[in-house]
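Okay, so subunit A shows up in both of these, paired with subunit B first and subunit C after.
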Partner chain A sequence: MQLMNDEPMKKQIIKIIICNMALMVSIPLIAQDGNKMLQDIDDNLSANSRIIESTMIIHGKRNDRTITSKSYTMGTDKSLTEYMSPPREKGTKMLKLSNEMWVYSPTTDRTIMISGHMLRQSVMGSDLSYEDMMDDRKLTVIYNANIEGTENYNGKDCKVLILISKVKDAAYQKQKMWVDTNYLIPLKIELYAKSGQLLKMITMSDIKQTEGRWFPMKMTYKDMLAEGDGTEWVINSITFNKQIPDYIFSKASLKK
Partner chain B sequence: MKKKLLVIFILSICFGLVCYAQDSDSVKSHHYFQFNGQLSGWGNITPDINTKGWIGTRYIPQINYGYHLKDNQLIDFEGSANLYGELGIVSLNNISVDAKIKPYRLWTRFSNTQNEFRIGLQKINFGSALMFRPLMWFDKMDPRDPLQMTDGVWAMLYRHYFSNNANIWLWTLGGNKDTKGWELFKTSGNFQPEIGGRFQIPSPKGESAFSYHYRMADISNLMMPVSQVKEHKFGLDIRTDIIVGLWMESTWTYHNRDIGLLTNQNMITVGTDYTFPVENGIGITAEHMIYSMSKKAFNFDKNSNFTGLALNYPVTLFDNINTMIFYDWENNHVYSFINWQKQFNNISFYLMGYWNPTSYNIPGQSNFSRFAGKGVQLMVVWNH
Partner chain C sequence: MDGLKVNITNNAMLIQTAFKNIIRGGKRTWLNVVVLSFVLVIMVAYNGLLDGWMEESRRDTIDWESGWSQLWHPKYDKYDIFTLQDAHGIIPKDIKRLIDNGVATPILVIQASIYPHGRMQNIVLKGINTEQNILKIPSEKIKTEDEDIPAIIGTRMAKSTDLKQGDRIMIRWRDKNGVFDSRQLLITHIFETKIGSVDSDQIWININDLYQMTGMGNEATYIVLNKEAKIKSDLSGWKYKSDYFLLSDVRAMEKAERVESIIIFIILLSLALLAVYDTQTLSIFRRQKEIGTYVALGMTPKKVTSLFTLEGTTYSVLAVLFAAIWGTPLLYLFAKTGLPMPEAYTNIGLPLGEAIYPVYKITSLIKTIILLIILSAIISYIPAQKIAKQNIVYALKGKIN
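Right after this comes the complex of A and B.
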């Protein structure tokens, strides 16, 4: 009689164990899917080298500012940006080599080494920090990703990824990303501080195929702690994996 | 036959035009010409000094021309002029007028990927310090001036950049009549060029440099047996970044004759900066300078001490406030300055307030600063 009563309980226990095992197996799989998706995003967005001509439009409460620039990036350590307009900023150059950065100002004809803490400062009054502009490391190097679910964003089916930093020097501890599953491009990214506070939001649009990959040609940054309507960063032209001479990434470039 | 010649002639012209067009395109891509300028206007009110107010305007037109040669070589030219006019108002019946037109920059340069040779009227400046700059050898920039105006020097400058970012500068100066930077004496009128150089190397988490400059100084106003002395300047500057930015800049100026306290000048500035993550980020820079003059080198028995504190805060994406406070320890004088800046695409507004002693004792700035006494200044700048 006792045995007869235990039979359904045994089945229940077996069910629970199977469910638990399935869950234990599926959690790493979800993480693996998240990291695989992050890898796909990296494949689209990252390159050995990039040359970008872009326009940055900073929207204030009443006024806008427009800044155009040309930037050269090699790997994750080398980057040079030259501002082409407006006249006041024209000729200003920023060179980043590993963790060191220099700014050349044509007004003073002087090159100044920028302290590391300055990297958190806004670039030319925009919603982007020097860190945002110059941290070109692959997402897979900085973050572990999990797929949180599926959501519709702007009429498109998106996977929602949660990225948690796995390195100490990440600019943002956590990111939440809405990824277009067709293009494997994030359409919206929320950037969070360690405290959980939402710091910035990036929306990406105008996705175009260039050199065999999909790339968002327009990104809108919004510093959630600052006033204004955000900063649009429009890519006018982009070239991937072109050989860039070494002298570009040296202090020899920091002159008029 | 005539028809054939005519066809050949017409085809030749067409071919020539096509070649010319191609050449023109290539020439066009090898040349560049730019015309820029900066127009500024300002008004000061300084009730507690003799000249109660200033109204002025300045236009700096600038042309640049460059010609690209093969192998990343470039020959370029920059010319700009300082067109300047100012009214000094002592009273309604006593207004002084000052107006000048003078060359501001006028140089030509040959450069390639690692070398640069520049000759003409140019700005030469270097070093790490921001407020008190012992290495201010060839310019007279006031750190509070939003436009960072300073006259250039007539010089030849050669710079070579090594692949590890070490770099070497060599220069020779001539024909500069006024004192430059911290100089106590004019350069001797006899044609003896000033020469010098600088070698900068990367160091752990920063960079370091040694600089040297030599000239004959004219001491005829000292009523000494000799009218000129050899002057040697040595400079050492180090910058590093260890959580906060840290720098040291020091110079020793030595005259080869005994000219009393003026025989040796020593200056040391140490500085630090950090951006505190408060709201939009408060940037703080602090510097302390020790300045001494003595018969003996490195004698700091009689010295002057100055401390500077600068704060910078971006209020919005378009507005910025910065303030500087200097303290003269010897005279117990405080120099205060605050500047609100509003930035548009081509136009900038600056509203400045200052509260300083009427007799100006900040070394290196006393001759040219417009910030003596208490006052306010409004400046509008248009760049094109």
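Right after this comes the complex of A and C.
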């Protein structure tokens, strides 16, 4: 009786070992797929330079505010944003150079450096803080990605990516991304605190092909700890890899 | 010797005459005395209020905020919030020894955001040792007992955020590497302090909790020292800040208030002394024949001037005595009840409680009395000095201009 039972038991053990081995082999493969996907997302979203004309709609508790701006971005270190409307904000410029940020206000004709305490303040009352705008590194530089599974989001098949930071100074230790497998664009991103608390959510939509790449023309930022319907960022026009003169990214250009 | 005796007798006679003349002045005299005594009491009360406020501010600032002195991290600047991000470091051994001896306590300060009623508010999160007894911050209320991070806030902060004891509030901060983290804090106590700078936009938690939250173990932004610490210079690179420096805000406030009080005193004294001046001028005009008689009887014009100056000065002396009679019980009562302060004042960051209790300093009192007497003497002398220049015959005829 004992001998009769031993054979299936052995088969069972072999099956388990094979399954485990397969799993061990497949984990790096899944991770590799995740990182590959992250690389594709980076390739889609980042460029050597970008010129964007956009509209920001801030949904407040009582009313909505619309702000239009034009931004010039060079790599991940340099960017300049000029606000075009409403009249109160017209002419306000924001310059980011590496880890430093300056804001020029035409009403006071003064340039102030945004650092420390002020970095935590929201940009023009939106759900974005200055510090959110500071970390512009590529995702592949900051995160390792794993594919957690597949989910349907807004009627589209998406891979769910879990991003865990591989550098010490990532603002968000963990991100969860719903990536459209056709366009390799994240449709929804959740940003988590170290404790696991969901802090921010970004949704992307209106994906259009521009200069041979797919790009989301509408993004909605929502601070999950704050009330309100978030901030919509609609791209009116976008140009990639166009030469931007260096003087644009100088403090002197703020007062021009 | 005889000359001296004559002089003393003459002066005594002059004082006696002046006093008699004053008493004979009737309503006019008492009106002056009442006005001067009123001004004197107001000046004493106002000075007392200022002294009381400053005394209390100084004491409360030491008790709640500054301690007797402090050691600051080399990058820390209390007046520059931008320094906070980098102003923290491992507590050096020399300073650690002071902390172990109970004469110093570390404070770690970071910036964070809270979300009362769904709106983001930037705050300063401060970590303090729960065992400390150098500052009056009720740190025993933030002993960590369960999963919650206990926190205490002041009444101003509680009001601005609408938080109550037992409430939980979501807080978001960045650790030493800049990684966002978020947890809930449990408000275990709401303390009341007159020092707004340890209350407004601030949350106090156990320093060990803050170490865990930020990964800044054994670090501090500044160290508060008590009287026994006996440190008088920089220590291990940390900057020494004396009580003189730490109380500079209180001193600046006192200076501003003193200027304000001087303006008020000038207005009050001008009004009161104008009454004395008017009385003196009228008195000289009305008593021309009397002046002529004094001179005819052998009094020099200088002596007559002195008599009239003395009369004017006597108003202030009588005013001091009169003020002592009615002012003492009133000022005593004022010291007991204090001057209630509107709530709005305490919310604007001034170190004020519900009321200011005056403190009457003897030096301040003597200075005020001397000032009043001297000014009365000067103001009485101005119209009286004309007497010395007048013709005696005209004076006897009552024709002084």
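Assume the second predicted complex is superposed on the first by the 242 of 256 C-alpha atoms of A that agree within 3 Å, B and C clash if a C-alpha of one lies under 4 Å from a C-alpha of the other, contacts with A are read in each partner's own complex, and residues count from 1 in each chain.
Note that in this section a contact is a pair of C-beta atoms (placed from the backbone, for glycine too) under 8 Å apart; a residue touches a chain by one contact, two chains touch by 3 or more.
Because the structure is predicted, anything quoted here is derived from the model rather than measured.
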{"item": "Combined model on subunit A: subunit C and subunit B, fit or clash", "value": "clash"}
{"item": "First, second, both or neither for A:S122, with subunit B first and subunit C second", "value": "both"}
{"item": "Which of subunit B and subunit C A:L225 touches, first, second, both or neither", "value": "both"}
{"item": "First (subunit B), second (subunit C), both or neither touched by A:Q173", "value": "second"}
{"item": "First (subunit B), second (subunit C), both or neither touched by A:Y247", "value": "first"}
{"item": "Partner chain(s) touched by A:R65 [first = subunit B, second = subunit C, both, neither]", "value": "first"}
{"item": "If touched residues of subunit A are counted for subunit B and for subunit C, the larger one", "value": "B"}
{"item": "First (subunit B), second (subunit C), both or neither touched by A:T150", "value": "neither"}
{"item": "237-245, 291-299 or 345-353: stretch of subunit B that collides with subunit C", "value": "237-245"}
{"item": "Where subunit A meets both subunit C and subunit B, residue numbers", "value": "115-118, 120-122, 225-228"}
{"item": "Residue ranges of subunit A in contact with subunit B within the complex", "value": "58, 60-61, 63-66, 86-88, 90, 97, 100, 107-110, 112-113, 115-118, 120-122, 125-127, 225-228, 231, 245-247, 250-252, 255-256"}
{"item": "Complex contact set, residues of subunit C against subunit A", "value": "81-85, 111, 113, 115, 117-120, 122, 170, 172, 174-175, 177-183"}
{"item": "Subunit C-facing residues of subunit A, complex", "value": "115-118, 120-122, 165, 168-173, 191, 193-195, 197, 199, 223, 225-228"}
{"item": "Complex contact set, residues of subunit B against subunit A", "value": "36, 38, 72, 78, 111, 113-114, 116, 122-123, 125-126, 128, 141, 147-148, 159, 161, 163, 165, 167, 205-207, 239, 241, 243-245, 273-275, 277, 279-281, 283, 314, 316-318, 320, 343-346, 348, 381, 383-384"}
